[in-house]
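Both complexes below contain chain A, partnered by chain B and then by chain C.
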Partner chain A sequence: MRAKLNDQTDEAGVLQRLNPVSKLLAITPAMGVLMLVTDPYTPLAFVAFGALVTIVLGRLSPVDYLRVAGPLVALAASFLFVYPFVVGSSAGTSSDVFASLGPLAVRESGLRVGVATGLRILALSILSLLFVLTTETESFLRALVQNLGLPYRIGYSAIAAFRFAPKMRSDVETIRAAHTVRGTPDTDSLRDRLHRMSRYAIPLFVNAIRRAERTALAMDARAFGAYDERTHYRTYSITSADITFVVFFWTLSVGIVLTLWYLEALGTLTILR
Partner chain B sequence: MSQIQTHELRFRYRGHREWKPSCVSLDIDTGEFVLLLGPSGSGKSTLARCFNGLIPHSVPGELRGTIKISGRDVTETSQADLAKQVGLVFQNPSLQFVTSTVETEIAFGLENLQVQTSEISKRIANALDTVGLSGLESRQIDTLSGGEKQRLAIACQLAMEPEILVLDEPTANLDPRGTEAIYGLLRKLSRDESRTIVLLEHQCESLIDAVDRTLVLDSDGDLFLDGTPETVFGENPRRLRREGIWIPAATRLALELRSSGAWPGSTSLPVTVDQATDTLKDVLTKQRSREPWCDSQPSDGGSQPENSTSLSDRSVVRPDGATEQEPGDGATKSPALDICGLNARYGTDEKSNPVLKDVELSVPEGSFLALVGPNGAGKSTLAKHCIGVRSLPPETVFIDGRDVTTLPSREVSQKVGYVFQNPEYQFVTDSVWDELAYGLRQLDFDADEIEHRVQQTLERFNLTGYADRNPFTLSHGEKRRLSVATMLVVGQDILIVDEPTYGQDRANADALMETLSELHEVGRTVIVLTHDMRIIAEHADTVAVLVDGEVQFHGTPSDLFEDPETLSAAHLSRPPLAELADGLSGFSGPATLDRCYEHCTGEQTKPPTSDHDATFSSALDYGEER
Partner chain C sequence: MSALTKQLTAVRNWETRDLLVVAALGIIPGLALLPAVFAGFTIRAALGPLGTILNSGLFYLPGLMALYIVRKPGASILNGVFVGLVWIPLTPFGLAVTVPTIVARLGSEIPFLLTQYRRYDRSMMLVSGAAAGLLSLGAIYIPSSFQTLALPMQAALIVGHGLSGMILSGLLAKLLADKLAETGVLSAYPIVDDVDMRS
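Here is the complex of A and B:
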């Protein structure tokens, strides 16, 4: 599914064609603000804004988007349930009791903090999705090397390393099958499980190391790291489209914050308290 | 002009004691096409790494002697300069790629050499054109077939315009069609007189006619033969056989015929099929005129050479059918394995393409089935369904007439053994001895019985000296032997082996096939997943061809070989001697060495050959007729 979202063909949206660095640049200030706010309205506004931009400019199907974002909403909601109990006692002694069950009391302030925190986490994740869903790791690393001066030896080694992740997963599956065939009992006690994991680890790491070694040799054989500079066949530059997007995103971010402040919906920023 | 020149070259990896290669002096000229042979662990790959400077520049170890590329000492030449001169293609295509698309991958090496962008585009186009992958520039590498990946790996090297191209077992992971594509490409590349090619392989049957020169390393890492294929194979067959090194099928046939006097002593031994065909036609004409009724000495099956050894093994392997298992209803014998209408797809996603479509396959008890098909046709998926490691709908897979879904996994593992391609995946303990005892302990055998069985199995598989070693420290061939042994010690009735000859030298592969044949003889059901035509021709009694998840063919090997359409759909090629058999009048059926021999000598059964190496007795060379 990720592959489909990452599709970088002509049919893909504006976001996919932008330089990854500019996308990162665009969302950074908004994320900074989100880390500081304490009210629930600002994160809510950025959730809507982020999701809208991602779906429209990234030309994603809303259904696919929801499938990815759904679990994040669930994660945020869990804060709502946990926070009132954690926070209630210390910060909220003076606030009203919202509901109570025996010795447990849910106070209003706790609820408020829970909502705000949950939404903040959600807003931060939604903004990251804008980047993650529309960017290939490889393009991002290339752009980092070309535009932000990341040493290419590190950047390209990381590109090579990212190719291993799916292989590790299929390895685990095969090893599990291989052990089942040996008659390893598939009992479910924690001890058995831990033991099984430790047996998987050996062939998994032996193979990962061997693979890394082979790939490193293959890279050396193609003169990787021979010179301090390399040329770039696929170039990443900051184009006018990138600048327009960054300015557009920043303007709207500032607009959202100013509007909320004007409506007196913006609470205190944590750093000022 | 000599392009690669070594003098008493030897290398040892850091932490290793033995020198491999040890003391290799050779001289390879510009434009030569060199085939470098040698058993596993002879230092072939190490030598290849010396050619392009990975040794000593990137691999820690100790290098002695000298090696010069185009007259320049490798130790004093930078890795970058060497990378421009010598291209090295590795065995596993997917481990040599860095990026994810075809064109960026070719560009990678050129960018390292600071080639300008406009030049890079030109070179990408040229390289892809040469290897026949034009039009795939922006394809994701992961979507390419194995053969295409390996051609891309060659393109990556060609784009760097090296004078020397070294290929380290480039076809080991490929199906026959992929292999033929690589060989066709190498044949084309070798016509360019300015390019030197060094090919490391365990065998290269259909390319041997293009090879100018053959070098052979022995198991100690010494260069022990150096010459044209005709001199190397034709004059030293015994030494090659002793080292367990592949010999072209045409040469083997001629050797057999010479020892029975049918091959004219004055004619040198052939290497290619074409060379053999002409002489054989003469032989046949002469023979037919001499004895018009070539009375066939009836092959009454009594002349089998292996019996003495395998009989004793039989009792070891199996306490024999009569005594074990529940007193089954012998009258209605159900097939060992029965697959009825099996469908499967990757993952649980309903939209994903089906891997298996309505597969029907019945494997009778005691048969030797080769399950063949192109890479990715679903062979492994099908096999894994038979061992219950993938969830499947009820009433689709039956073992001995019992639905797999109703059997606990432990019981399935007692009935079906599965040898994975990578033996390391199957190791669950820290010593060879425990590894063998493991399955028996699961079955609650008593300590004496375990001790006894483990000892016998260790001996049978030549692993006695390794009982206390950690399985991970064994060599590849030994690991493979151990993984088969762990499956056999329990004594399953059905054994499934994934690619038995994959990544192994001739001697190891033959030893393993020999074991499987013996098991088959004592009545076990053996299923191999393979592309190896030799296994199909010489071992299997049934073949099932799986293409795109469907069983396209299920029958005998000889029927398969007479069905070119199915062969090509399955990405298979004909056995090496098939072309030769076409040239012989009156020959029909599968073109195995034994049958060709019988045909050429007037239906005599081939006598057992005497220069038999005990450890690596080769079921292929010295056959047991069935």
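Here is the complex of A and C:
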């Protein structure tokens, strides 16, 4: 019998070797809590925690990580500048609903909402990065099918359709050449780009649908979906390392929340308000 | 009705061809919309909450197209699943964007469910787009602290999302799908009944 191929063992960092499902499972409760909190401290704690875990366990260089996370920080910061002007009376600033739109009436509570929302979005993104930077799409799909019971017809259709993406790029080149040969100007202003997008949409979709039908025929010809049982070339399983990681992450997540609660830094949860 | 509920739950009744077409209609716009996901967050940061109106409608467009072309219950939701499968591993907003997207797909199915998936005309597409827009707004309301905004702002958000869903996804999906049908590529699908093929 051949040795089992296992994608989970041939990568550098701990995170890359884990089952994608366990990573998703680990970050989900923390994300759920982050959706509800209103104070700025909890997201801040999770930003530090998430970034640290990703860099250390993912063996990523901090510079590369910052290159991805940097724009997200800028994005979160911009919430700080917008929210104070649009937050209304329900946050308790004033009874006049238009007061916040008046000439630069920045209020403390508006700032607080801006900071909290920005940090919350940042924390959600940082936790997602833990998963995104260390997981390949195809192994994620395979793990979903094998470990979470996603119907394999859906999973494999998605994997097959993913292969269309590079071909789409060459389709764009072909359509572009065909248009150029007929004398359409090939300039790059924003207006031309928008116009081009509308001209390209139909041929691109036509190509995609034809390709999908051909692929489906080929799959049907090989009895795809004929049997309930599915065998796999690359197998994914939940190992002890996965369980350790999930327990480790959950424990620390609960620890962060409890510590903040103990320090009375944890604000009211939105759903309770 | 039993046949309908059975179809809703079982992927078994889907031909591989339908699955692949719905997948292609999810993954290709999903990848094409990746810049929109990133730009969407930037616009949203720049324009504030109202920025969500502009791009949100585009997010349901593939689902409505899939439903309008394949005409099977759940096509829009399944399409949303495929879009999510692209977004979860490829964007840092992953789950945060995918959940509202799939909720929106549920919304887009409701009007069709109420008419038992028998009518596929322009008004149905408009209503379905609006339902998608409003439901997805509901899904992001509390995580984005929209309940703290000024009342006129909240009203603008609700009306804006409904209109954006109606026009950017409902109407545009019908226009695009009809144009596609005219090329003949969809001749195997029920959509050809509605399209004048002589032109």
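Here, the second predicted complex is superposed on the first by the 221 of 273 C-alpha atoms of A that agree within 3 Å, B and C clash if a C-alpha of one lies under 4 Å from a C-alpha of the other, contacts with A are read in each partner's own complex, and residues count from 1 in each chain.
Everything below uses one rule, namely that a contact is a pair of C-beta atoms (placed from the backbone, for glycine too) under 8 Å apart; a residue touches a chain by one contact, two chains touch by 3 or more.
Quick caveat: nothing in here was measured; it's all calculated off a predicted structure.
When the two structures are aligned on the shared chain, A:Ala178 is found in touch with chain B, with no touch to chain C. Looking at the shared chain after the overlay, A:Phe140 reaches chain C, while chain B stays out of its contact range. Using the contact criterion defined above for the overlaid structures, shared-chain residue A:Asp220 touches chain B and also reaches chain C. Contacts of A:Phe79 after superposition on the shared chain: chain C is touched, whereas chain B is not. In the superposition on chain A, contact of A:Arg199 is made with chain B only, not with chain C. When the shared chain is aligned, no partner comes close enough to touch A:Leu263: not chain B, not chain C.
Contact with chain B, but none with chain C, is seen for A:Arg230 once the two complexes are overlaid on the shared chain. Set against each other, chain B and chain C differ in how many residues of chain A they touch, and the higher count belongs to C. In the superposed pair of complexes, A:Leu190 makes contact with neither chain B nor chain C. When the two complexes are overlaid on their common chain A, residue A:Val63 makes contact with neither chain B nor chain C. Shared contact residues of chain A with chain B and chain C: 136, 160, 202, 206, 211, 215-217, 219-220, 224-225. Against chain B, in their complex, chain A makes its touches with residues 136, 138, 156, 159-160, 163, 167, 171, 174-186, 199, 202-203, 206-207, 211, 214-227, 229-235. By the touch criterion given at the top, residues 24, 28, 31, 35-36, 38, 68, 72, 75, 78-79, 82-83, 85-91, 97-98, 100-101, 113, 116-117, 120-121, 124-126, 128-129, 131-132, 135-137, 140-141, 144, 151, 153-154, 157-158, 160-162, 164-165, 168, 201-202, 204-206, 208-213, 215-217, 219-220, 224-225, 270-271 of chain A touch chain C in their complex. The touching residues of chain B, counted against chain A in their complex, run 49, 52, 54, 57-59, 78-80, 83-84, 87-88, 90, 92, 94-100, 103-104, 107-117, 120-121, 156-157, 160, 384, 387-390, 409-410, 413-414, 416-418, 420, 422, 424-428, 438-439, 442-443, 472, 486, 490. Residues of chain C that touch chain A in their complex: 11, 14-17, 19-28, 31, 41-42, 45-49, 78, 81-82, 85-86, 88-96, 142-145, 147-154, 176, 179-180, 183, 185-186, 188.
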